[in-house]
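In the two assemblies presented below, subunit A is common to both, partnered first by subunit B and then by subunit C.
== the complex of A and B ==
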């Protein structure tokens, strides 16, 4: 609904620019952008669930981890080729999405957020204790098959994934389902009072979110070639995902991408000055300031700026 | 096309408080009934039981000949009953058009994705409650109380009800807006809509209803023509008690 030629022109320009980027920037910068691409995928996934419906998940790595571990175990322990293990990983992650939707049928707000956090802690403990011969226990796994070699190929792989996810979600969210999911975030009772089954809508949002998280998680391990539970099921990782979506612009598709790039580069540029975890304080502060200035995020700031420019000409 | 609403021996207890006390009445298809009673009498609680927002403690609710009292709220709305709320609850970050759009949606994910919005119908509904075309892009923050009620009305009508429950439709409205909503109700009555209307503005309510029901402490205290109900001793006493 409301698709215009300039929407597609903007997407084409964005994709074209991104595909030419390896000609313009260093390999080091490309490696940073690879992480931004993956973070964008995770932030979009989080936003489909939490940004839209208002059910804030603090345990998104639970879903990402299911996808990542499923394909890691299948390829490493059972020699399953990635073409098969990744679809299986996505499917298994969607089953994980069903586990996340269960509390959301009854519990709202901070209680739901706490339960998702508990899910993440739980899986973190489980992968270390249950069958470490499969999961690699505390140390995780390395030597997993990688999909690409070199920064440029890795960049194109992550970019393709991110663009497909972003464009797909953007198209779907422009239909009435996007309106309905946002309506849940604004007033769930009134959605019911409009004759819509909120259970079905939440199920859709959670499954779509899980599908993207599974895809992102699976591709991510086959980019890295390794998996480490400590880095994956980490509260800093959770906050990076959430902050990316929030400061970019929650409940939009472009916002989480902008937020992911902004955060990744911010962290990267702070690295020489603040090599340790103090960086997270700075980015927390920057995020807070941005959020206070415009709660709807950077995307809204850009749109307002653009409207002002257009009004002047 | 029209549909009746039948409530039989309805009881609702909130802990020790009986908010609905063995209430029974029928609204014939196409009839309009006023539900009156002082503050806290239990009018809104009747609405929320008919809609399934509160489960009754006991009793039966029938839409036409179908028992609906065990169905979910969305399922009841699909059967043809819909309500407005005393306190309007718009989707705050959406435009007027989008608010109405939610009411128009089919209850199917695929249907939402594959079929676009019916913007003609959105406009038609907005105009019918007295919005102008320019209002479609406004957001609830920019709307007056009267406008919010009109929006509530439009979104309720969007679900294509056969039976409409209106809760305090005139509260906070200007004289002109009251006249507008009244005209709209009259037009829908002429088209066969069944109404149950709660209003503190009795002067505005009178011309809109065929009969009236008065309740107090959850129990029916009078039923009949509007004039008879208002003249009954029990009703006068209950309103005097309030003042």
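== the complex of A and C ==
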């Protein structure tokens, strides 16, 4: 895997800094960072599947939604404790996702993107009409058990989740499987030609992605304490996840985290000037310009800048 | 029964118009223009602003919507599609971002609440117990007129044949002296115009709100997937399948499920027949 001491030093410095952050910033900022942490988890989940293998998913909220709804229904309607319902939710996300997306894995390119978009719209419409007594219909559910109280605790929970997910994905992606996944994104035929089972690799990427999405969705629901279909299966939500991963730097682990923080803070700093959905105008504009300028994202821009600085000295 | 037949025909005509602009782009560059729904949004709002806020004649509203849609299509090709040089994933993602930006722009200008478009032609006709607003009838007739003229344009004119050639084999077309860039410009312009005009009709059919672009985009996608890309006739047939399926679902099963059936159809066709019901024909 080629692990070096400085990798761990960098991770330790990052985690240490993040854990000390509540001492330095206000509660309001902390709440923003909580959202950034969750967005980072979703963006990493998207990146594992789409950023690396090039199979773009436009329906990631579909997976997040399965996890979120499973745990919400279990805790609210069947009084299952949260400690049991979250693992079940993750499992259900993986299984449910597997059943519906397994056939979709043989579909290539643009069609894969479309079918995932179709799945998201499908579940959005189904959730509202099928068994509204369970799902809460159009209005969703509120008053779900929350895991933490207060901004600081919520921050630690979201941070722990994000760090575990990021570190886990980082480790997996350093193995040969990770290399093979990135290779699929570059040239699927070549990977097939090297005697690797592309289907199995894609399946693995999908399961890992679904697991993270389910985990993130379940924790997110128990942080918010409520769930609403319109906010979850929203094209703006897809957009935020994808853009976070791309703006930060797809196919890297640190990239989606950078992107998530960048976007969340951009959105928050626009709030005083543009309170409503108009924010997405500037937000999307910035994202579009950045993406057109450097499709590989902020991480690549930083690296290039760093290389230039080093070349000069 | 008559009601279902008439409603189905009217809705299908509209769907065919919506899907056509999307199909054109897909067949010529294999590009999924996810910003296509935004043309409908812009068309609808332009019409609303010109005809209802400014109180100008309705035909001016439709014309201005068409012109703006055409400009949007051309701009998108120039500024987005061409610089990205056929990187499909990049084009799709930047299209999605563009659609969200345009939606937010509409919110910025017109606000978040939904608007009701006054019917293009007021009045209702009763046929066999079914109430048919003249507006919907007009939209369907206009859709058919536009579709037939588009078909004649693609089949009979020189430019139309060049479009067919580019969609079949870009290299071969280039060797025969066709300027693919010009053809692409024309196609994007036509697509934008069709989208904006379809938007006016679609908005008068349902209502005008900033998120209205997703549903027609899904319909366009469904038509392309189910029908197989490119063919104008295939698009027409599938638009009717989907239109009638929706009308029948809301009449016999439940109105809330009409969208669900479309999704199920898309997914089923993609899984069972990835090449579409009518194969992958060209234009």
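Quick note on the criterion: the second predicted complex is superposed on the first by the 303 of 313 C-alpha atoms of A that agree within 3 Å, B and C clash if a C-alpha of one lies under 4 Å from a C-alpha of the other, contacts with A are read in each partner's own complex, and residues count from 1 in each chain.
What we mean here is this: contacts are C-beta pairs under 8 Å (C-beta built on N, C-alpha and C of every residue); 3 or more make two chains touch, one makes a residue touch a chain.
Please read these numbers as outputs of a predicted model, since none were measured by experiment.
K.L.:
After aligning the two structures on subunit A, examine subunit B and subunit C and state clash or fit.
P.N.:
Superposition check on subunit A shows subunit B and subunit C fit without a clash.
K.L.:
Looking at A:80, would you say it contacts subunit B, subunit C, both, or neither? Reply first, second, both or neither.
P.N.:
Neither: A:80 stays clear of subunit B and subunit C.
K.L.:
For the superposed arrangement, I'd like the angle with vertex at the C-alpha centre of subunit A and ends at subunit B and subunit C, nearest 10 degrees.
P.N.:
Placing subunit A at the corner, the angle measures out to 80 degrees.
K.L.:
Does subunit B (first) or subunit C (second) touch A:36, or do both, or does neither?
P.N.:
Once the two structures are laid over each other on A, A:36 reaches no partner at all.
K.L.:
What's your read, subunit B or subunit C touching more residues of subunit A?
P.N.:
C
K.L.:
Quick one: is A:196 in contact with subunit B, with subunit C, with both, or with neither? Answer first, second, both or neither.
P.N.:
Only subunit B; A:196 stays clear of subunit C.
K.L.:
Name the contact category of A:129: first (subunit B only), second (subunit C only), both, or neither.
P.N.:
second
K.L.:
Return first, second, both or neither, reflecting whether A:107 touches subunit B, subunit C, both chains, or no partner chain.
P.N.:
Only subunit C; A:107 stays clear of subunit B.
K.L.:
Please work out whether A:166 is in contact with subunit B alone, subunit C alone, both, or neither, and reply first, second, both or neither.
P.N.:
Touch partners of A:166: none, neither subunit B nor subunit C.
K.L.:
Quick one: smallest Cα-Cα gap between subunit B and subunit C in the superposed arrangement, Å?
P.N.:
Subunit B and subunit C, overlaid via chain A, are at closest 14 Å apart by C-alpha.
K.L.:
So which positions on subunit A get touched by both subunit B and subunit C?
P.N.:
Comparing the two interfaces on subunit A, one with subunit B and one with subunit C, no residues are shared.
K.L.:
What residues of subunit B sit close enough to touch subunit A in their complex?
P.N.:
On the subunit B side, the touching residues are 51, 53, 72-74, 77-78, 82-83, 85, 89-94, 98, 101-103, 105, 107, 109, 112-117, 155, 158-159.
K.L.:
Considering the complex alone, what residue numbers of subunit C touch subunit A?
P.N.:
Touch list, subunit C to subunit A: 30, 32, 80, 83-84, 87-90, 92-94, 96-101, 103-105, 107-108, 112, 210-211, 214, 218, 221-222, 225, 254, 256-257, 259-260, 263-264, 266-267, 270-271, 274.
K.L.:
Quick one: in the complex, what on subunit A touches subunit B?
P.N.:
Listed in rising order, the residues are 1, 172, 175-177, 179-180, 182-183, 186-187, 189-198, 200-201, 204, 251.
K.L.:
For subunit A, which residues are in contact with subunit C within the complex?
P.N.:
The contact residues of subunit A facing subunit C are 54, 56, 58, 100, 103-104, 106-107, 109-111, 113-115, 117-119, 121-122, 125-126, 128-129, 235-236, 238-239, 242-243, 246, 274, 276-281, 283-285, 287-288, 291-292, 295.
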